């Protein structure tokens, strides 16, 4: 039984998350330097690799079907982002998800723009069949996913929904898929369908950084590599990104320097600053 | 009749462009937040997305044929850059251009490196058949395009031609294709074959920023989404990029910080600074 | 007989490398502005293009088979990085290497992650058959390559080998392939199997910059375009990157600003600073 299933059955009785284990998670990343295999879109790929390397993880980002099983087996966790789903890349996504399930690796699904086309929704079904450990999206994406599964009756899909509007859908989705669901926005919410946490860090300018959500998905993979409880791992990832964004935003001129500042802040973040800045609800 | 045809017949009688409507265009981008669908090359893709997000636009950059029609219909404008034209990407370019024409969306064609190979010239013919609203290139590219169409007799193709040397070819190309043509260089020139404007902003270091021309192409798509006159929209895009580059260049150490500085400057640019810095001829 | 073969037979009698010709190499790049054709992975592609443009080179990065011969013939040097070897990109790599050999262009092979899969090792054999002028990798990659060729008996492949541990393998590989081999690490070593040099510049934080090794591979291609001796060219590239990283590291906050700082430093580097900072052994 792989870690990929832990969210479904093994994590219900854990205590409330304290800052302490989160700082341990950061130390774990730096010490263990896990290999993370991420399929992400070309817009985000350099930033995502930068974020992974900044926390100590070692990114691999191949889309070659010929080596997918080899690479997934060598990785501690896998992440799949459905952006820019050209035929070859879509095949690679499904292969990576299947390999992760087969090898018992935890994996993160990012349903970016799932509402944009029937093609993405079809792809989503193929990916969900491989039981992601964590699903991370914005409110619209989580609402669209819940709607696909007939879980969003009466919720409605708003063009720019708030995180709060998506919380019932997130909980329903978590229960239906046995995944942890992270909905990111002003406050990032993480739920396994029973328990839920909010991470109230971050900065509004982060929404203008291209690929930052995709990078958070990759960071969630890194967190799963060092923290066996998917709910705690998802909170760790949201906390790292939120804290880094919040600190970096105090000294940058706009979204491009913010992107660089987040990578640099993650690289230099010490446990004390992390804990002091963290706001987990 | 789509906006994509407006440059051909509907814009001849408009008055000279004043700074005021250009500042209105920037405000329009920030208020309306148009979805722009851009196919661009992997070198430029992150910077192009950053530039689009900095002015308030929402980039989509899919190359998946399976969703091309869906995405183009959801977009306010489309841009196609022929860099790195692998078979799959070349197919996506033609599909995006055809979908834009079909859906009546304005679209921008960037003939990057069109002189490099017969493959690019063949691709160019397929794209031109879909009647781009704006064509944006450097002097060499515009000269190569005009030559392809038999419009450049006696002009000659120089390896590093000046913008001025390309102006007759730009005007001929605009008339032959019913597109607005933008030739970028020391001064950016924009013409519909009858009227023409020069934008004299910018900084020499901008020529060393990888992908900046490609990002300007995407920004031109964004401008077309809020400004119905293609000539004005092209001037708006050149003006935004030129002003941002000129301002950013005053406080950077080289091309990499200049790229970031342009994104940050576009994000924070206020109407007064924009108008005061602008030099439209 | 092309430059691509020079390392095999024409360079053995050259004197020890002094800083002076290296500074001349930098001037040569800025004056001649060689076209460099690089196939690299999407994580590194923007940084690699930025590095090339910063030193004056003109990058082309197409993966389109339809124009591979045209582009290679127009280039002064070629580089191939095997990262993210999807079917289409792997075909492009082999085509580029074959075109470089055919056209007599010097070319650089970067065996990134060659130990990751049989797919990469198979690809490596196809590429090595086209006789790279320079092979650049880290210690693990050079050890894996030597092992593939039966050259690493008793050396053993360590997960994070030091450069020093890889030196015998590097020399054996250089002799077996008639290529110059560069092993990058704390000190970058360059050998043609007989002579060898160490470049002791750089900064530890450089190992956390995504795609920097890939960018060095591209920079090595640029150096081959202006310096006919492959051993000297490889030292020039390592020296430029090491010196730029070392200078930039003094004033940056982390790996993202370091990446930008390296590009900016390369852009502004003067001969005197280059020579004064250089530590070639």
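Chains here go by letter, A, B and C, matching the order in which they are written, and residues are numbered from 1 within each.
By definition in this document, a residue touches a chain if its C-beta (ideal position, glycine included) is under 8 Å from a C-beta of that chain, and two chains touch if they have at least 3 such contacts.
The shown structure was predicted, so the numbers you read here are calculated from the model rather than taken from an experiment.
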{"item": "Rotational angle, Cα trace of subunit A fitted to subunit C, multiple of 5°", "value": "120"}
{"item": "Interface composition of copies subunit B and subunit C: same or different, split at half", "value": "different"}
{"item": "Euclidean distance of C-alpha centroids - subunit B vs subunit C, Å", "value": "34"}
{"item": "Overlap residues in subunit A, where contacts from two or more other chains coincide", "value": "42, 45-46, 88, 259-260"}
{"item": "In the complex, subunit B residues that touch subunit C", "value": "41-47, 83-90, 113, 116-120, 208-211, 252-257, 259-260"}
{"item": "Residues of subunit B touching subunit A in the complex", "value": "42, 45-46, 49-50, 53-54, 59-67, 70-71, 74, 88, 92, 259-268"}
